[in-house]
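One structure is given below, encoded as C-alpha cells.
Chain IDs A, B, C and D follow the sequence of writing; residue 1 opens each chain.
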Amino acid sequence: MSNIHEECGVFGLMAPEPIDAAGLVYYGLYALQHRGQESCGIVVNDDGLFTSHKDLGLVSEVFHKETLSSFPTGTIAVGHTRYGTTGGTNRNNCQPIEVNHQKGRMAIAHNGNLSNAAELRSELELSGAIFHTTSDTETIAYIVTRERLSAPSIEEAVSRAMNRLEGAYSLILMSPQKLIAARDPHGFRPLCYGQREDGTYCIASESCALRAVGAKFVRDIEPGEIVVFTRNGVISRKEHCGEKPKKLCIFEYIYFARPDSVIDGTSVHETRVRAAKILAREFPADADVVVGVPDSGLDAAIGFSAQSGIPYEIGLVKNKYVGRSFIAPSQDQRTDTVRIKLSPVRSVLEGKRVVLIDDSIVRGTTCRKTIQTLRDAGAREIHMRVSAPPFVAPCFYGTDIDSAENLIANRHSVAEIAREIGVDSLGYLSRESVCLLTGEDSGFCTACFGGAYPTPVPAHGEKNRFEQKIHSK
Amino acid sequence: MSNIHEECGVFGLMAPEPIDAAGLVYYGLYALQHRGQESCGIVVNDDGLFTSHKDLGLVSEVFHKETLSSFPTGTIAVGHTRYGTTGGTNRNNCQPIEVNHQKGRMAIAHNGNLSNAAELRSELELSGAIFHTTSDTETIAYIVTRERLSAPSIEEAVSRAMNRLEGAYSLILMSPQKLIAARDPHGFRPLCYGQREDGTYCIASESCALRAVGAKFVRDIEPGEIVVFTRNGVISRKEHCGEKPKKLCIFEYIYFARPDSVIDGTSVHETRVRAAKILAREFPADADVVVGVPDSGLDAAIGFSAQSGIPYEIGLVKNKYVGRSFIAPSQDQRTDTVRIKLSPVRSVLEGKRVVLIDDSIVRGTTCRKTIQTLRDAGAREIHMRVSAPPFVAPCFYGTDIDSAENLIANRHSVAEIAREIGVDSLGYLSRESVCLLTGEDSGFCTACFGGAYPTPVPAHGEKNRFEQKIHSK
Amino acid sequence: MSNIHEECGVFGLMAPEPIDAAGLVYYGLYALQHRGQESCGIVVNDDGLFTSHKDLGLVSEVFHKETLSSFPTGTIAVGHTRYGTTGGTNRNNCQPIEVNHQKGRMAIAHNGNLSNAAELRSELELSGAIFHTTSDTETIAYIVTRERLSAPSIEEAVSRAMNRLEGAYSLILMSPQKLIAARDPHGFRPLCYGQREDGTYCIASESCALRAVGAKFVRDIEPGEIVVFTRNGVISRKEHCGEKPKKLCIFEYIYFARPDSVIDGTSVHETRVRAAKILAREFPADADVVVGVPDSGLDAAIGFSAQSGIPYEIGLVKNKYVGRSFIAPSQDQRTDTVRIKLSPVRSVLEGKRVVLIDDSIVRGTTCRKTIQTLRDAGAREIHMRVSAPPFVAPCFYGTDIDSAENLIANRHSVAEIAREIGVDSLGYLSRESVCLLTGEDSGFCTACFGGAYPTPVPAHGEKNRFEQKIHSK
Amino acid sequence: MSNIHEECGVFGLMAPEPIDAAGLVYYGLYALQHRGQESCGIVVNDDGLFTSHKDLGLVSEVFHKETLSSFPTGTIAVGHTRYGTTGGTNRNNCQPIEVNHQKGRMAIAHNGNLSNAAELRSELELSGAIFHTTSDTETIAYIVTRERLSAPSIEEAVSRAMNRLEGAYSLILMSPQKLIAARDPHGFRPLCYGQREDGTYCIASESCALRAVGAKFVRDIEPGEIVVFTRNGVISRKEHCGEKPKKLCIFEYIYFARPDSVIDGTSVHETRVRAAKILAREFPADADVVVGVPDSGLDAAIGFSAQSGIPYEIGLVKNKYVGRSFIAPSQDQRTDTVRIKLSPVRSVLEGKRVVLIDDSIVRGTTCRKTIQTLRDAGAREIHMRVSAPPFVAPCFYGTDIDSAENLIANRHSVAEIAREIGVDSLGYLSRESVCLLTGEDSGFCTACFGGAYPTPVPAHGEKNRFEQKIHSK
C-alpha cells in the first residue's frame, strides 16, 4: 500500500547431483517475492546446458506446473525476483540475465544498483559494446566478461570486476561449472547461504528463503566477500573484504526484509520491535490501544505496546484477496480502494484513543484514508507513530526512494504532515536512534534520511538516464 | 490451511437509478471472498434484461476489466461466491442461478443448505421437472416458481415456498422489478442490509461487504423475515418470524465470518476475543508468549494474552503470496508446503514456553507440522489452545463439516490428539462455554459439536446423493 | 466471409468397452467445426457417471491437452458444435445439455430448430417448468422427460415426444445405458452413422466426421427414424418414418456441409459441381478464366469450368492465418479486412475476362470489395455467377437466414445487385434447377428461396422471442 | 504438413507523420506469417523512443487488441516473423532485436543466415563481446555497431558491415531517424518496397505484404543494394551491387513464398504453374484427374492439368481448423492426424487414375498416408508428380533443409521412394529444368538439389553450434 520498493531478490543453488533445481528455486523465489513483484526468472544448468524461463509477473503467474516440469534436472540454478510498480516495464530486463561470451556461458542475478553504471556503460559503448537491456546487470556482465578474457578463472574475473564496480551489488553468478556469490564491499544489500541435508548449497538474499527450501542457514556473505561453490567444495575469497566501511541499508530492517529473516546476525522482527520501543520513549502517547497498519506496521506495534504498556489490538483487517488483479473503483462508484483493502474493527476502535503504527509515510494519501477509516469507526483520538525517520533524499543503491516532490516529508514539516493526514499527534523515529538499532554504533547507510552517501553519486536526474530512452513491453 | 468451509456469500443491490451495478457487486464479492473461493458470479438487471457472468475461480480470476465493463448499467443486481476445495467442481453449479419461468425471469443467490432437499427434489422429478445442477438452489427456484403460478406476487411466492423449505437458507432473489432478501426461520446463516448515500440498498451475508461498497449498515434481516426492495421502498414481511427458535451457526463467529463483521448485533472479533478469554480461564498455561496461527488464530490470541497477561507476539509469519496457484513441493524435494506458507520468528520463539492459539484442529496434519516448525525454531514448551470445541458431527446447514474419519477429534481423545500433534498440553473451549459467547444464553446451532440438530436431518450418507452421480467440469 | 450460418453439428459414440471417448469426440467435432464456431462441448458417460466440458469457442480453444486428459474413459459420449457470430453469446446455451430427471440423467445434442418451440415452452411454463437456457433443446429435454415419466423406455419417450415436436431436429441423446439418434420426419438436417474396426458406433451430422475418427460409413438415419444403440446391438424404430414428406435443407448441399461429405446418398462436392454446370448453361459467360471465391466457391468453379470449357484458375488466395482472433483495421489505417484476407494473383487476372463463382451473396459488402480487388489486379471483365438462387425468406429450421433488410436480394433486383457490387454480368442459379440437383425431383426445403414452408411457422418476429429477454455471457 | 521451413519474414515502414504504425506492421506480418510461425515481434519508433512487443507464437497469439493499442503512434516501425518447428524454442531469439550502442538505439529484423556467422562470433567474443541470443542477427548488430563507431552514418556502417558478412541476409534496420533496407549481394532472399497513398513507405519480404497494408509495389531491392528511408526521401546505395552473382533461393518460388507474391519481377504462382507444365512434359501420366495436395500442390496441379489436358479436380479437402493447438491422436485411438487434416472426395476419386501433385516429399511419412487415403477412397492408379527436384544437401542460407538422414531422397532412389510411399509412378522435376523456370538461364541457388554452394560453407555439423549449447524457453 506504499510506494517504496526494494529492487530485487536473488537465489541460487548448487547440488551434489542433478535434482529438480527449478522446483527448489521456485520455492526460494516465493519466499523472496516481497523483494520484487514485477518479474521473475529461473535458469537451470544441466551439465553446461542452460534452460531458462523469465517473464513479467509474480512467481505464481510466471511459473505454472507445466513450465516447471519442462525444466530438466540440474546441479546448479539461479533465480531472481524483480520489483516494479506499473505496466510499462520491460521484459528484456527480466533476470537472471544470460550471456554467451568467449569462455562460455554465464547467468547473473543481481540485487542492488551501481552508482557508477553510467560511466561504465559509456566506456563500454565506446569500445563497441551493444546493450539489450537498460539494467546495470548487463554492465556487470560485460565487465566480468572483459576481465574473463585474461583472468585465469571466472572467480578471478569477478574479483577484478569488483575493482571497477561501485555501489550496491549482491550478486549470484552461474558459470557452466560454478556458482558464485559476491557482495559489494559496503555490504549495502544482504546475502547469505545455507545447506540442505542432501548437501545442496543455497544462496539467498534473505535467510527466510533458505528455510523455505529446507536449508539450514550457514552464514552471511561478508561485505566484499566472494564465495565460490564448486563440485569440490566452497572457497571464500576475501581480498575485497574490509576495503570499505560497512553500509547496510537500514531500510532492509525497517521495511524491506521479511520479519522472520535474520540479516548479518540480527533478527528483522526484533529490530522492528526495538525501533518501536525507542519510538515509544521518544514519542510516548496517552492512549487506549495500539494498532498496527497491516502488514507493514504490525511488528512495530508489538514493540510500541510492550514499551508503553498500552494494549496491542487488531483494529484494522486487511482483505487478503486484494492483489495485483484487483480493479480499482471508478470515481462514480463513490467508494475507494482503501475501503476495500482495509477494514476497521469497530468494537476495538469505538470511543478509543488509538496509537496507529506504520513504518513509513510516503505520499500521505493512503495514510489519510486509513486515518479517516479509523475516525469513521469511532476512534476518539489518533496518535500516529512511524518506526523510521522521514526520507528526504534519493537512494542510488537499489531502492526506488526518490527525491521527487511526491514524498510528503520533502515538502512538509512534521506538524504539517500531521494536519495533512488528520492525526492528533505524529512522531517519527529520530535519525540518531536509527543508527543504534542493532546494538552496534554502526554500519548503516542512512542516506535517504539525510545521511552522507557512502559513494560518489550521479548528478541529480541522471538516475534513470537509460530508462528514459526506452519503453518496451 | 484448514479444510472446513463455509458454503457461500451473497450480495445484492437495488439502486434508485441505473448505476455501474456490476462494479459495486464486484467489490461486495471481494469482501465476501472468504465465504467461498470455488466460483462466483454476478447478474445485473437492466430494466428486465438480465446480463450475467459466472465461472469457477476467485473474484479476481473470474472478473477482469473487460468483463466488468461489458456489463450494462442496471438498477438491481445480485452476486455470489461459492466455496470449493479441489478441482473437480461443476461450472453448472455456479450461482446466482438464473431461470425463466411462466411469469418471467428470476435470479437466485443462496447461502445455506436445505435439510429436506432430497425429498423436495424427488417430488419435483415425479412431476416432470428436470435439473441442470446438483445444488439445492435449483430446488428452491422450482418451489418458488411453482408457487408463483398461483401467487399474486413474487414475494408471496417466496413466503409460500418457505413453508416447504427446511434447513438453512439466506436468500437473495431478483425478479425483473424487485430485489428480495429472505432468511430461514432458524436464522442459521447471517444476512443484513445497508444503504449508500446515493440511496442504493445493499444486501450482504456480512456487514463487512456493506462497508466495502460504501453502504451504511441498516440492520440484520431477522430469522424468518422477508424484505422486499422495490422502486417504491422497502417492505418487511414477518409472517415466518418466530416460527422456529433462532439457531445461528456458532462457527460463523468462531471461524467463518470476517473479524470486522458484526452479526446479529455482535462483533465477530469481539466474540473471538471473548472465547479466548474463557478458554484462558478454562485452560490456563504457564508460558512466556502467546502466538496465534495466522490468520485464523490471531483474534483469539489477543484474547488469550489479555486474559492471561502473557505477552502477545508475532511468532509465525504467513507468506501472503502463496495462493491457489501455488504448486506443492514434490516428495523428492524434501521440503513441504507448510514450510513455505508459514515461517517462525526465531527471536520470538527461541527458548520460550509458547501458547499457540488456533480456532480448530481438523485433520491434525497441518497442525503437527506447524508445531514442529515452532520446535525447530527453539520453542521450549508448546501449549496449544483451541478457541472452539472439537467437532464430532456432520453439518447439514451449509458447511462441509463432515463426520468422516479424517476429523481427528472423531477418532481420538484430547490426550491422544495432544500426543499426535506433539504439544505439551492441549485445551479446547468447552461446549458449555460456546453457548455463552454472545452474552445471551442462546440462539446457536451447535450440532457439529455434538448438540441437537435443529431440524430433521437426512439419514447418514445421503448428504451428497446427487454429487455422486455427476462429475462435471 | 459470409454471414449465413448453420446452427450446429452433433456427434455421438457407443463403444463395446471403455475407451478414450472424449478424444474421439474431439476429432469428430474438429470435422464438424464448420457447422458451428460459437461453442462446443463433450459429455462422456463412464458407467452412468457423466463428465462434461463445454464452453464458448472453437474446439481448439475449448479443449486443451489437460482438459481432454481429465476426462475418464467411457463407453458412450456425445459432442456438439454450435454456431455464433459475435461476442454476446450465452455460455448457458452450450450443448450438449445435461439434465437430471426422475429416471436418471440425460444429455442431448441437437441440430435444427423447432418451429413450435414457443407454444411448447409456454405450455411447459404453465405447468411450473423453469428454463435455464434460451435454446429449444431444453424444450426437447422437457418433453422427453415428461413422456419418460410414463413411457417404459427412453426410446419410447423419444418416440412419443416426436409427436409433439415440429420443425427440424437431428438429435443425439445419451442416457446412462443407451445412445439414441433421431431425425425429424421431414429430415431437414442430415444425420448418419458408421462403425469403427473396434466395434464403436459413431453418429454424426456429416459423414466427414465418421471418416475423421476412423469409422466406416454405415448409412444415413432416415427422416423420422429413431436408432437405438445399446450394449446388445442396434435397433431401428421407424414408426415416424414416412409420416411427412422429406424436406432436406438444400443449403446443406450448396453451402453448409463439407464438400467431402455424402448426405442421403449424394456427394456434396458433386452436387456443387452439378449446380455450377447447370448455372453455366443457364448463364453462360464469354470469358478467359473461371475463378472461385475461396473456399466457398471453389467446388462450383470446377463445375463451371468443366461445363463451359473456360480454364479454372487460382485467381484469389486466402490468408489461412486470419481467424477469429484477427483484429480488424481501424478506419484511419486506410486498409481493409478483405485486403488482408483475400489476395489476387495478378498474373492470372491481368487483362482477363473473369468468371467469378461463389455460392451466395448475402449483404453484398464483402462481394463488392472482392470484385474491386479483381479490378485492381487488372481484370478486364468480371462475370459473377452464384451457384444458388437468391434467398428472400427467413429460415425457421436451424440456420440464421433471416428476412432482415440486410439481405441484398430482399431489396434489390438482380440488375441492381450487379450494379451495386460492380460486375459486368450476374447470374444466379434458378429456383427450378435447384430442385433437380440430386437427380430426384424432390425432397428439398427451399423456403428461403421463396418456396413453401413445410410446417406452420411462427408469426414474423417471434423467431427470437427468448433471445430478446436475455443477454448473458 | 511438410517439415521444410523458411526462416523469416521482415516488414518495415516509414511514415511522413505519426500513424498507428504497430497496426500496419501487424497486418504486414499477417501476410508474412507463412514465412515463420515460431515467434514474431514489432518495434515502433516514436520520435526516438522505441516500444516493442515480441513473443513466441503466431501473430494472432502474440498481438491482442490491448497489446496493439498500448503501442504509441510512430513514424518508423519494423516487424518480424520467425519460423520454428517444435516447443523448445528461445524467446530471447525473437526479433526484431533491439540494442543500445554508443550512438544510440537500433532495431534489426533479419531474414537469412550468415555462412560465416561462427567466425564472426568468435572474433567478437575474443574482443569481449557478450551474446544474449544464439541468432546471427545479434552478430550483424555487433558488426554494424563496431563499424558505426567510426562511420559517419548508420547507412555507411551498414555498408562497411556488408564487407564482413557472408551468406544470406535481407535486413531491415531502424535507427532513431532512419529506416534502412539491405539485401546481400547474392540476393538469396527477396526484399521489396512500396508506398501507400498517405506517403508511408513499406519494406517487406514479399509483395503480398505490401498489398495487405494498402501499399503499391514500387520495386525489389536489388542484390547488394542498401536503400535508406529518411524524412527527406529515399536514397539508394549500390556500392555492393554486382559484387557477386545473383543466387536467389529457388525454393522461394517453388515452396516458401505466397503464390500471389511477385519476386524479382516474376509471379510465384506463374512459376509454379510453369514448373508443373515442364514436369508434365518430363513425366507425363495417363490418368483421369489431376489432384493437388492442399495447399502446397494446388498451383502446380493447375499447371499439370493445363499442360496434360487431364481435368483438374478437388480430390482432397483440408480441414482449415486444424492448427497449432490441435492435439494429435494417441496410438490407442486407432486414427491418425492425416485423416483429420485431409479428407478425400470419394466421388472425384473412385475408380479413377489420379495424378497427385505436390511440391516436395520430405520424409515420406505424410505422403504415404495421403496416398493411402486416396486408395481407400477408391483411386485405381496414383501417379505422383513433384514440382521440384529432390533435395539432397543442407542449406546454409536461411532454411532448415538439412542433410539429415530423415530426408527420404537422401537414402533412396526415386524407384525406392515410389515403392515406399505406394504410388504407381513417381516423377520429380529435373534439376536442369528448375534453372529455366523464370525464363532467364540464371540466378538461382540450387545447392539443396546438389548444385554448388555460392559461398564457402561451414564444415558439416557446425551449422547449429550455438543451438546445442542453449535450450531456453
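Simple rule for what comes next: a contact is a pair of C-beta atoms (placed from the backbone, for glycine too) under 8 Å apart; a residue touches a chain by one contact, two chains touch by 3 or more.
Just so it is clear, the structure is predicted and the values come from calculations on it, not from any experiment.
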| item | value |
| --- | --- |
| Any chain that touches chain D and chain A | none |
| Greatest separation from chain A - chain, by CA centre | C |
| Between chain D and chain C, distance of the C-alpha-averaged centres to the nearest whole Å | 37 |
| Whole-Å separation of chain centres (CA-atom averages), chain B against chain C | 47 |
| Chain centre separation (chain A, chain C; CA means) in Å | 59 |
| Chain C: positions in contact with at least two other chains | none |
| Pairs of chains, among all present, that meet the touch criterion | A-B, A-D, B-C, C-D |
| Chain B residues within the chain A interface of the complex | 19-20, 23-24, 26-27, 30-31, 33-34, 58-61, 63-65, 68, 196-198, 208, 211-214, 258-260, 262, 267, 269-270, 295, 298-299, 302, 305-306, 311-314, 317, 319-323, 325-327, 329-330, 332-336, 339-340, 343-348 |
| Chain D partner contacts - residues on chain A that touch it in the complex | 48-53, 67, 70, 72, 87, 92, 97-102, 105, 122, 125-132, 134, 138, 141-142, 145-146, 149, 466, 469-473 |
